[in-house]
Amino acid sequence: MVKRNIVVEEGNYTPVFNCEIELAERKGLGHPDTLIDGVMENISRELSREYLATFGKILHHNVDKGQICGGGTNVEFGGGEFTKPIFVLLSGRATEKADGKTIPVQRIAREASLDYMKKTVRHLDVLADVELESHISPGSSDLVDLFLRGPAIQFSNDTSFGTGFAPYSELERLVLETEQHLNSSRYKSSHPEVGEDIKVMGLREKNKIKLTVACAFVSRHIEDINVYVKYKQRVKKDIEKKAAKLTEMDVEVLLNTADDEKKESVYLTLSGTSAEMGDDGSVGRGNRVSGLITPFRNMSLEAAAGKNPVNHVGKIYSVLAQDMAHGIADEVKGVKDVTVTLLSQIGAPVDQPRVASATVILDGVKYAKAKDKIQYVIDQRLEDITDVTHRIVEGKVKIF
Amino acid sequence: MVKRNIVVEEGNYTPVFNCEIELAERKGLGHPDTLIDGVMENISRELSREYLATFGKILHHNVDKGQICGGGTNVEFGGGEFTKPIFVLLSGRATEKADGKTIPVQRIAREASLDYMKKTVRHLDVLADVELESHISPGSSDLVDLFLRGPAIQFSNDTSFGTGFAPYSELERLVLETEQHLNSSRYKSSHPEVGEDIKVMGLREKNKIKLTVACAFVSRHIEDINVYVKYKQRVKKDIEKKAAKLTEMDVEVLLNTADDEKKESVYLTLSGTSAEMGDDGSVGRGNRVSGLITPFRNMSLEAAAGKNPVNHVGKIYSVLAQDMAHGIADEVKGVKDVTVTLLSQIGAPVDQPRVASATVILDGVKYAKAKDKIQYVIDQRLEDITDVTHRIVEGKVKIF
Amino acid sequence: MVKRNIVVEEGNYTPVFNCEIELAERKGLGHPDTLIDGVMENISRELSREYLATFGKILHHNVDKGQICGGGTNVEFGGGEFTKPIFVLLSGRATEKADGKTIPVQRIAREASLDYMKKTVRHLDVLADVELESHISPGSSDLVDLFLRGPAIQFSNDTSFGTGFAPYSELERLVLETEQHLNSSRYKSSHPEVGEDIKVMGLREKNKIKLTVACAFVSRHIEDINVYVKYKQRVKKDIEKKAAKLTEMDVEVLLNTADDEKKESVYLTLSGTSAEMGDDGSVGRGNRVSGLITPFRNMSLEAAAGKNPVNHVGKIYSVLAQDMAHGIADEVKGVKDVTVTLLSQIGAPVDQPRVASATVILDGVKYAKAKDKIQYVIDQRLEDITDVTHRIVEGKVKIF
Amino acid sequence: MVKRNIVVEEGNYTPVFNCEIELAERKGLGHPDTLIDGVMENISRELSREYLATFGKILHHNVDKGQICGGGTNVEFGGGEFTKPIFVLLSGRATEKADGKTIPVQRIAREASLDYMKKTVRHLDVLADVELESHISPGSSDLVDLFLRGPAIQFSNDTSFGTGFAPYSELERLVLETEQHLNSSRYKSSHPEVGEDIKVMGLREKNKIKLTVACAFVSRHIEDINVYVKYKQRVKKDIEKKAAKLTEMDVEVLLNTADDEKKESVYLTLSGTSAEMGDDGSVGRGNRVSGLITPFRNMSLEAAAGKNPVNHVGKIYSVLAQDMAHGIADEVKGVKDVTVTLLSQIGAPVDQPRVASATVILDGVKYAKAKDKIQYVIDQRLEDITDVTHRIVEGKVKIF
């Protein structure tokens, strides 16, 4: 049995939810940064499926860099037009040939991109309004063998670092769930005028929360400024209602504060994403695998989206650390706050990090008692590391 | 009434159908050169419609340059895959703003391109397998006024030249109709295995014709080499049958001569066009407005496709000259061969060419008698010149 | 010894210089169509040299499609600025690997393009103001062997057609030499204000010639409208002086007729080419190998530029036919006009066309006497066909 | 006088240099991520200069997204060749027109990009081997007025967050200075074989440091594997020598560990950057403004490079916080470790953050005594905030 280097410590820091100021942000699914994360991750998923179907193994790929360059639109109440398509650059490397077989990487990438964008931004006509350019190139042939005939548990490809935390603070839950609520298919079905580009910024000062929401509205469902104002008030109320269920703190909701309703200059879009009118997006510049940007917590700079889920520890350890933190918070009694950190050992099997550490703040339990359980959770998750790979491929894990 | 400079002469040349050697070629609808002609012409048509709907006039545009860079495929009997999309570059200029209104030029161009390709190459999945890049830019604003508030009959934009001939020789009809037959929806419905990229080259030496046909077959409808050979023989017979109806000359049909059936290296495609595997196409490098390339007849280098049908004499005069030639051949008795040539006068109304000339070979009629009728046909067509514009916009005129 | 099918006939047509109307045009070296011809031809030349240096043979390539999409500039007297670079698309196919060696096709193509543009358009800063995108892809590997280990004289790759004529009519010489004079390095050294985009259109009606010249001027050398007018008059006089040496006919010179000097709206450019401000160019849309566009003479649609000079009869026969015509006109006494036509036999050695024909108008000599000499000239040129290949590679042959 | 919200606290955390494990990384100037940071920052700088020269103010721009897609090379000892150019995508927005004047944004961007790459990667031939595509588009015209006629101290454009720390730990200095030493012009002049793509990863476990360095070597200066091995050993020694001056801890240097010297498969490049052979780079994915990636310290996800230095708090506060931290560490006695955090107040003047906080670990001084000095340093820097803007434009501030 593998002996892993797992370190559990009691922290002596002030948990973020007890600090005077707390900040958390979520860029919604239709935000350009999140959108391109989703596009590249979907390419990785579809490539992985194709590799599995063809070779029984996921072959080397790394498509963790991509960019959206905003298009141009003329928007008016009731409709409007694209004047310049959204430009999407796909980048990275993916194995195209192995064992005498060819994988149609370019086609998979194009389809995965357009499908994802179509599905994610309901009102975007990807055929007409998206220009796609792929610079994905075949990876080094050296790696083919490693992936095809290497061990079941691959070796870390890098010295890298993943981190996760749990449980979410009230502010964090509020920020996360506000966006998820407004972007749920249930909400959308009764509010088709709400676009997918929803950015939520939460700021807590002591026990007062300010929730700043930027939400794109969809022009074809809004006939004039009065309707816009009405809809906007409705959305604001819906956010407030949702907030009231999640926290007892005082929550002030600020929605589309840049609007100038008198000049009818409001956040109206054709497609529901600001990418239509000049906003750019880049992989790895948005949410972490927690689904949030949390400046007062430790964060890794690693972009998880688009990396292969087999040996790229920058991805696997980010997902795993977040997963472990949730596990510890759920399964170990008395954990008020936990931060998990995984540091890889380049060239060692991915299930054997150089160090896996958990720092906890406990409440009403003894450290000695919690320690073993925490260690067990971590060890278990490392033992089942290939499971993470599968769940990533199946799209069952939050990546952004 | 306008007095036009119309010159009719009797020619003393040997008509092409009486020469010892005659050559005629047609690049079918799915050939890359013809495909990009069609794409750019469709953009011009759709822009014209939009301009008419918005302003009541067709505004300035000129999208007569575009290019297809071939993609890449792995083709096998029964199917295959794209490994690299077909790349399409759109170029030219089109008015984007006038009278405070904006025309979504880029979107119209994208849609017109993809729609046309989808419709023309049945098996091409334009969403997944075509990468489109538009470099169409707004035209000079000087021209907006000219088109918006200029006279009903515009002024020639250039010193240019159009030429046409009629009637088609037996060889020419044979070449033209062979492709049209194989690309008819009727033929396609019973022969889905026949692609749209069909190139027909006819060579007549005295009264023997050699018809060399390159015809792309569609892999998904052909399970193996035997089926391919069977289908190919069937197509060959169909061509021979068609030929027998059109001429009494001896016609030898050569179909896909580069095939090496033993090595199973045959003209098999995924999509029905050779653009899928590296063949490029450029506007103006394929058929003339006659639908043919006829090296032994006078031809203009002008690309008609994509030019505006209002003041671009390079297009209008090509269409008109061909139309006049047909008119003369049809309406004037005894015309064995006629070549019409229109030379524009830059800055003069387009219905007043510097010279419109017809050179005829007559058979069994007196020149004096034919002359007036010919002159009348030409004059009439010039009188009705705006009619040509409309027929072009409606897609009722052959451009390639 | 090879027996070739050479046909010489006396024509009964009216030579173009005796017709009432004659038209000839030359798009100068800096015209977008000519510029892209030159770019692609230079790529072919540089590739050929590299292939020869590496393999001792020219390998397969065909880069006869390319496009320039015009940029954008703000021009003012004394200077100005680029607001959008000129976009250049390179297309086609070229062998990248053979015998275990790799040829850096992309790099050669980029360098050959930029070098050519820099050299040809003196005031263009190619580093800052040209955006280059290459879609040149590796050719089919089948062809590698054919070129590497095939016979010294290759087989025709197509059924194609080349044509040439000689001698040039007075109008043709005038058009050709006017541009050559204004674009000569000698002229440029004393007239740096004259750009390279010089288009000359000549129209002869009986013995009166109208020479319409569009000549880009270079803003940095012209401080104001008065200087422009002065320079323009000087150029006009230079053209008239040159014309007087070439013809005794009456020549009216029209220079930059679209200028509106009062509004200071004149043909002023930053770089000397109209490609800087929206004019596009496409391979094969400009001059024929004669250096001219001659609508009243037979012309081939074949683009010679960029095709390989080894087996691409569309190029070789165009060059050869023009060369033969010059040879006949120079070496055979009494030839007033000759048109040479070469028709290839696909799959046969390129020195054995299906037919090589010359049609001549003689003056003061007997046909019987001239015939043998003409036949000899043609046969000789075919015998020495590999010589054409070398002269093309060395850049000693006019291609556009 | 402005009253600012400045909070100073004594921390109760363990400083990173006292933790058991510490990690720090620097991606050198030639690393693709750093290279594109530098390209976009240089564009911002050049635009700022042009705006200042033309309008006396820096106008709105934000070019903080850009991407490098790796090219392709064949490298061999003594030389090699590019087979595919490096592709660079420029993105973002920049004011093109204001007060009737036009700024040639595209040209400035192209030149700034190519100049920077040329200067930074000595052996890269940017003309031949870099393909540049700009998607920079004109920004919203609303912002023109704000920048042109707004107050001297602009308003924060966003709720954002900047953080900095000081002093650098021994590990951090070691990592930073190792790269700076190897990339200094002095070192390069005597070691031209050392490329600019130098990545340094430092891991400290207790008082043992492992310094993993990946350093691209330049093929043209290395004739064979023996010379490579010799040079590599020399570089390793130079790193060790440098390390000995910076720390007394035990430092193990690992250089180019992926090399397989027997197979002659080593880290050899043509140009000195891995971008030449498939490695991609994205803005904001590399070093923070500290010049380092420090996973165990607080980091902001904000990309500073390319943002405008006038109202983009994501950039200004990152620079300022780092600057304040250095100031505090240098100017206030007894500061062992300080972390400065600036949180912006959207819409408020940038010199008035919502909160500016400093957390310090002191050694041998009383908190009460240090507090005021610290507060003063922070207040001063905010007072002189426009100074930061100027220093950024002049390139005197580390951004990556």
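Brief remarks follow.
Labels A, B, C and D are assigned to the chains in the order they are written; within every chain, residues are numbered from 1.
Keep in mind that, in the parts below, contacts are C-beta pairs under 8 Å (C-beta built on N, C-alpha and C of every residue); 3 or more make two chains touch, one makes a residue touch a chain.
In this text, all values refer to a predicted model and were calculated from it rather than measured experimentally.
Identification of common neighbours of subunit A and subunit D yields an empty set.
Among the remaining chains, C is positioned farthest from subunit A, on the basis of C-alpha centroids. Averaging C-alpha coordinates per chain places the centre of subunit B 57 Å away from that of subunit D. The centroid of the Cα atoms in subunit B and the matching centroid in subunit C are 25 Å apart. One inter-chain figure worth recording: subunit A and subunit B are separated by 51 Å, centre to centre, where each centre is the mean of the chain's CA atoms. Residue positions of subunit C touching 2 or more other chains, listed in rising order: 84. By the definition given earlier, chain contacts exist for A-B, A-D, B-C, C-D.
Those residues of subunit B lying in contact with subunit A across their complex are 74, 81-85, 96, 102, 104-107, 110-111, 114, 126-129, 131-134. Those residues of subunit B that touch subunit C in the complex are listed here as 12-13, 21, 23, 65, 67, 69-70, 72, 84, 87, 89, 91-93, 135, 137, 139-140, 159, 161, 163, 201, 203, 212, 278, 280-285, 293, 295-296, 298-301, 303, 343, 346, 355.
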